[in-house]
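Every chain is named by a letter (A, B, C, D and E) in the order it is written, and numbering of its residues begins at 1.
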Amino acid sequence: MTKNIYLPEMATIQEVIRETHNIMTFRVTLNNPEAMKNFSFKPGQVGQVSSFGTGEATFVINSPPTRMDYLQFSVMRTGEVTSKLHSLKAGDQIGVRAPLGNSFPYEDMKGKDIVFVGGGIGMAPLRTLLLFMLDNRADYGKITLLYGARSPVDMAYSYELQDWLDRDDLDTYLTIDAPYEGWQHKVGLIPNVLLDIAPSPGNSVAITCGPPIMIKFTLQALEKLGFKDEQIVTTLEKRMKCGVGICGRCNIGTSYVCMDGPVFTRAQLRQLPNEL
Amino acid sequence: MAKVQFIKSADVKPWLAELAKEHRVFAPSYDGEALLFRPFDLEQEIILDRAATMPPKKTVFPQSEKLVDFTYSKDPENLSRVKIDARETLPEGSTVVFGSRPCDARGFTMFDRVYLSDKNTDIYYQARRKNTLFITLACRTIENTCFCNWVDSDPCDPTGSDVLAIPMNDGYLLESVSEQGEKLLNSKLLADGSSRKVEADKICQEIAGSINNTKDLSQAPAKLLAVFDNMQFWEEVSAKCLSCGACTYLCPSCYCFNITDETNGMKGKRLRSWDNCMSAQFTMEASGHNPRPTKAHRLKNRVGHKFSYYPTIHGGVISCCGCGRCIKSCPAGIDIREIVLKAIDFEPAAVEE
Amino acid sequence: MKYQQELKDSIRKALPGLDVVIAWSAGYDPLHATPHFIRREEDIDRLEIGPFSVHNLATYLPGLRGKKVGIVVKGCDSRSVIELLQENLINREEVTIFGFPCTGVVDQTKIRKALGHTGKVDFCQIASQTVVIGLGGEEHKLRLSKVLADKCFSCQYPNALISDHFVGEKISPSVQTEGDDDLEAFEKMPMDERFAFWQKEMDRCIRCYACRNACPMCVCRDHCLAESRDPHWLSQEDSVRDKWMFQLIHAYHLAGRCTECGECQRACPMDIPLLLLKKKMNKEIKELFQYEAGVDPEATPPLLSFKMEEENINEREW
Amino acid sequence: MPVLKGKELRIVGFLCNWCSYGGADTAGVGRFNQPTDLRIIRVPCSGRIDPLFIMKTLLNGADGVLVSGCHPRDCHYAEGNFYARRRLEVLHRFLPILGIEPGRFEYTWVSASEGQRWQQVVTRFTEQIHKLGPAPKIAGPAASETLRQMEAAL
Amino acid sequence: MKIGVFVCHCGSNIEGTVDTAAVAAAAREFPGVAFATDTMYTCSEPGQEEIVNAIKEHQLDGVVVASCTPRMHEQTFRRTVERAGLNRYLFEMANIREHVSWIGKDREANTNKATELVRMAASKLLHNRPLLSKQFDINKRVLIIGGGVAGIQAALDCAEGGLEVILVEKTTTIGGKMAKLDKTFPTVDCSCCILGPRMVDVAQHPNITLYAYSEIEEVSGYVGNFEVKVKKKATYVDWDKCTGCGICMTKCPSKKATDFFNEGIGKTTAINIPFPQAIPKKAKIDANFCMKLQKGKCGICAKVCPSGCIDFTQQDEFVTEKVGAIVAATGFDLFDWTVYGEYGGGRYPDVITSLQYERMLSASGPTGGHIKRPSDGKEPKNVVFIQCVGSRDKSVGRPYCTGFCCMYTAKQAILTKDHLPEAQTYVFYMDIRATGKNYDEFTRRAMEEYNAKYIRGRVSMIYPKGDSLLVRGADTLMGTQVEVDADLVVLAVGADSSAGAAGLAEKLRISYDSYGFYMEGHPKLKPVETNTAGVYLAGCCQGPKDIPSSVAQGSAAASKVLGLFSKDKLASDPQVSVVDIKRCIGCGKCIKTCPFGAIKEIDFRGMKKAEVIETVCQGCGICTSTCPQGAAQLQHFTDNQILSEVNALCQF
């Protein structure tokens, strides 16, 4: 029998983590053990998470495929569905349609130096790839992470940051927009800090994700550092409903963000009509 | 070899009554001042000499349908443990649509490429599509808004139909197009029509001859992309647009939809309902950001999708069947033909001035 | 139309000071006109006014705020302009109004009803009392009075009530002949039949919201309750209840604001008699408050104001 | 949830908090017997009662809707019931066009001290609704296209 | 949301006719309900503890209590859930006592109805959101409107409490009605002697600013931050210089000016100080009678004034005061008795009002304390008092009892005998209302010691008879007609609301009853509050009352103000309207209809939008039902909340 692309898998929230005042992370497992066991996805793929009665919203699976105890979604409160999700607790039931969309070109990145540049909730898609690469550390060259947020309290995954800072095989830089008492890391806007760190474009790929304004200036900074369009990878967000390229709202010209995205290289983005 | 049968005008209703014993049968009849595909009713007059207000889109793609039925249930031991049972509700039974036009039936082939692709199968669509048969009526009158000939079709085009009926002076020549269609042509009310095939072909030729002014739209995909960033162009062509959904909802090939949840007590449903790319809400994100903030952006996407993006993805097939309902029913009289031609004729130099 | 040339001259003179002038031009066939946005000198030639100038162009004004806009109005359209001014939804200094004496516009549904269908119109000639329509090679002659919109029979304001440029001679309003016959007839029907009537009519609504978007007073536009989840008045279900409820929302939000231009009904692709609801609302508003929308730019719609003592509302006796 | 079959009809009340809700309380305190059909929704002011709530309630199948606020001039918010009076009166007169008996909706003014009057209002309105009987119901969504299809198929 | 439902037995009040256990059982099936039980007395200490414990044990984040009316215990339970760590607005009540168990005995119907009310409450609760108050600064100054005894009391109490007080008085002197009285009942002590010192205290108190002969022009703002525009009416006398010496009065040639203080008994000069103890003791020119102002000739006062304070060019002046609270103590006016044709309608000079009689009795009054008939100055022999003139009389639209007329009539009967031992007094009365301390004893004395003849019955007509009057009435106890010859008739005129009461109420945004008396917040529990936060009432503006009650209310209002100001910041009520800026199209309909001016237009990135001023919004929700897009939503009564109640009830 043909799979019903609209029928979610039922899942249980195992753990809820409050990240910031408006971001919560949900760790979920599929109720059907068979389905959970067979679940496979690639870093960067997304899922449609349902609160039945409210609706669905799209989130990247931000746990890596190498750690399958649970699937993790981080949810920033913006609208009806995200507000509803924020009211849920461990043990509550949700629906998941995943994996959807494309993934980061992690195969093509093998042997390369990797530069992650994440801002705010934009850290979520980077996290999955970062952890995946750390779990396959030998496959990749030098890995640099620059993660910025407005202030320390706006920084998601704060409980993991120390780990990342402590690792020898990962260069982690944290930055906030303005000085804050007790903050021992960098202060400044992400693009400026990026220019300070000045990662070499040589054999590198930069992966950046964050709010539109940050992306805009980060792309400029990367360009200044000598990164070519093919070396820059980012993800797009659009309003989605079906998640499978049918319902007709997330296209940019001929590309459907839900199917052909959400991951695009800057070179690919330049090919798309200008409608972000 | 197609089965060819003939039916006298007077026998149409009895034949439909026969078919109605096995299938849900829809035929065009008046509801108020609107000519709609309505459940066949012996008492109702069937109107076949003019195009229906609405295509029979609803028969395969309902205005609103349930995708998922869900029920909450509580663990009596621990009321806060709530289980959710979510199940699909697939349509059953078969349907025959009588009196659809070639453009109407062909519209579903635009759906097919998306809803039944190698990547995805929409099982709700599939269930209805499979079980809905179209007895399509070739057009004898070409209306002012008709332009099927621009989009690689013609008034006798059987694409997407199961039976093609060619109107003759005393009745209809019924030609099976699909196997399922052939099965419909087994009634005692029908007579072998092979002898009148030549006559019918002639009628078709005559009709085809009565349409002229075919336009070549092969440049449309590229040309529309070329004017993508020319917002002045789109603002001008969309100036009179009211951003309503008349064009999209009456379009046999518009297939966009929305998904919304409704609950009532411990029960709820996930609905799939028609959505309209001309509405600002269509792409409005929860943050308030809208990639298509103005009607110019939205009309650009509608025209672009039909005449550029879709053909680019689907081997050059334009996602418009030329029925002209969007022109006829537009409260502001927007003519999509004009826009496409204008884009094709557009000389970038003109932007400079 | 007699004053067409004069109107064109008037627009030609004003155009240099305006971003756009909204008028009408010929539509896709001889039976239809379409709104026409004049931006350049050469656009003026295509302007046409006459019995097919059905569209109420005032609908476009709120969307053009911030621009210098010229607009050609029939008498009835001018009431919508007044109403928009009254509600501060447009700025008077940004709008230049061109008026002309209107002798009535056609109702396409009536023509279609008279001819069966109007898909293949070859030509259309309009004389003072008759319309001759060429349809699929045949000629059909119709009395103009048979195909004019209902609102034209009871029209009290054939000349623009407000205008900066008025071409032609003002004409006096036609004597009320038909008025709200349909409303009167409808109100004679038994309750259950009325209830059934609306169920049947609303059933074919496709929720395209052409009624709303064509309405010059439906100013919420992108923020309409129809699609909103918060507040969540309606589901997206294809149900008579939701579709009917929307029409009640529309009618109620227009109470005391509706000028009965009839665009809701004209725009409806399914020909649902939506104007009936508005006529009823207006009748009651008029009876209760002696108020008519779109006549006085300084007035306040009656449901946005009150009197301590209401002359026509009896204190409830129980 | 169904109404008690044969006993009750579905009557919904919208009452302002300051006067009429208090009046209903006073009636309770005074043990003034009333029919049990009415279910009261409390709102701060009759001015808060969007007439569309009443339409929605009626279209949802209520058999009657009763609105009550402070007497004109006694509004807790000074002007709320003046607006309400106009809006509710318009609604009352509008309902017949829909084929809904205007008697299915009434509005009135009851102060917090008028317990006895509240008893009379409820009793009278409930009687009126029972006299009118159950309201005609809109066929649900299933009934539109699908039901017709089914009917046609049968 | 995890909801806990508590269905209260209220002893047998509810349980008697509602199966509360069944209601709780049914509630367990409702969406979101994670816990439901029935309890004996939910509002009791153990009942509330049960809620707190359940919230903790079951991790509830919303509570429904089905019990009595929310007007009774909503606050109680809000505090309960707050104690358990929930936001107080994540609570709903179902009224199953007043609206169910007490109004019917059909247990099946009641149980079903109670269940539905719980279902409604739970449905609404699912849409409730935590609401938080905002803190704002307050201006600890108080405005008191009206300088009668109630206003004086309030002003002094506030000033003593350390507050800055602005006292605004309409006439040129404070003192109000009490200053006009000769003696007070039941002690018969001198009114002016007890009030006078308090008036002086007002004048001398460093915390009190007095604006006499001033009125309130405009009030804006909200509790804690009102802005009040006061109109200081032109007196044509520079009060900074006027010493109140009174020389101007002795020289003023225009001696026919209306003597308002003396209730029109006699005339006064165009420039005058109303009475010797006036506070402030300043002269004012009555422009209607001043020859200089009327005809441009005269100006004698200017010439004789030793301090040169006369200024014929003076104009009204406006001052703006910022205050945090307002006490309205605007008093009352006498009922216009001339509507009574049977009493002569004002045609007989010897039919006077009780207050005119007081002036006549007063030693500082126009007659120097001698009782004289206005017509001929003779001492009356028979004085007839008629009670309930403009009280308890539906025919003149005054069905209420003024309450103090019985007492002052008894007092005046006594004083009449004191002044004119030969005189005979008659009192026509309906009932004697003498319910205060020592009151009934006092009326008894009038009858028994002072021989006032009390006749129970209404007067049907007063006829002129020679140079006296004939009073005809009924004696309902005897069942006979009586006729009394009267030299003087004193009408016990009832209290009417003050002439400007309605206008001021609208400025203060408080409500008033059909007679023009201001509405208190609650007839029992909030006697001096109004429904507008920060505005309080004292004295007769709320309804007729005697001096002790007025003083008590003055003190009560002052204590309310002091209580309010005991905090440095106030918390706003979060049940206010909020505009969703994304939905707002800036049409301004809400601004037009808001009764409180609580919505303003703002510019948001070049677009017009509406914004609610939280502290001004009173939470009526008119904007919400006006806004066509549903952009303005009254918190806690949003469209979705009300719709969820509707849907819980009817979705067939």
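Details
Throughout what follows, a residue touches a chain if its C-beta (ideal position, glycine included) is under 8 Å from a C-beta of that chain, and two chains touch if they have at least 3 such contacts.
Just so it is clear, the model here is predicted, and its values are computed rather than measured.
Nearest to the overall CA centre, using the mean of each chain's CA atoms, is chain D. Among the other chains, the CA centroid farthest from that of chain D is the one of A. For chain pairs C-D and D-E, the one joined by more C-beta pairs in contact is D-E. Each chain gets a centre from the mean of its Cα atoms; for chain A and chain E, those two points are 64 Å apart.
Taking each chain's centre as the mean of its C-alpha atoms, chain B lies 70 Å from chain E.
Put simply, the C-alpha centre of chain B and that of chain D have 44 angstrom between them.
Chain E has its Cα centroid 52 Å from the Cα centroid of chain C. Within chain D, contacts with two or more other chains are made by residues 51, 56, 60, 73, 79, 83, 87, 141, 145. For chain A, the set of residues touching two or more other chains reads 80. Counting partners per residue, chain C has 203, 221, 229-230, 233, 237-239 as the residues that reach two or more other chains. Listed in rising order, the residues of chain B touching chain C in the complex are 31-34, 36, 49-51, 53-54, 62-64, 141-145, 236, 239-240, 242-246, 248-250, 258, 260, 262, 271, 273-274, 276, 279-281, 284, 327-329, 331-335. Those residues of chain B that touch chain E in the shared complex are 72, 74, 79-80, 263-266, 288. Contact residues of chain C toward chain B in the complex are 20, 27-29, 32-37, 39, 55, 59-60, 109, 112-113, 116-117, 119-121, 136, 200-201, 203-204, 206-210, 212-214, 221-222, 227, 229, 235-239, 263, 266-267, 269-273. Of all the residues in chain C, the ones that touch chain E in their complex are 87-89, 219-221, 223-225, 228, 230-233, 253, 300, 304-305.
Chain contact summary for the complex, chain C toward chain D: residues 183, 186-187, 191-199, 203, 233, 237-242, 244-245, 248-249, 251-252, 255, 276-277, 280-281, 284-285, 287-289, 302-303, 306-308, 310, 313, 315-316, 318.
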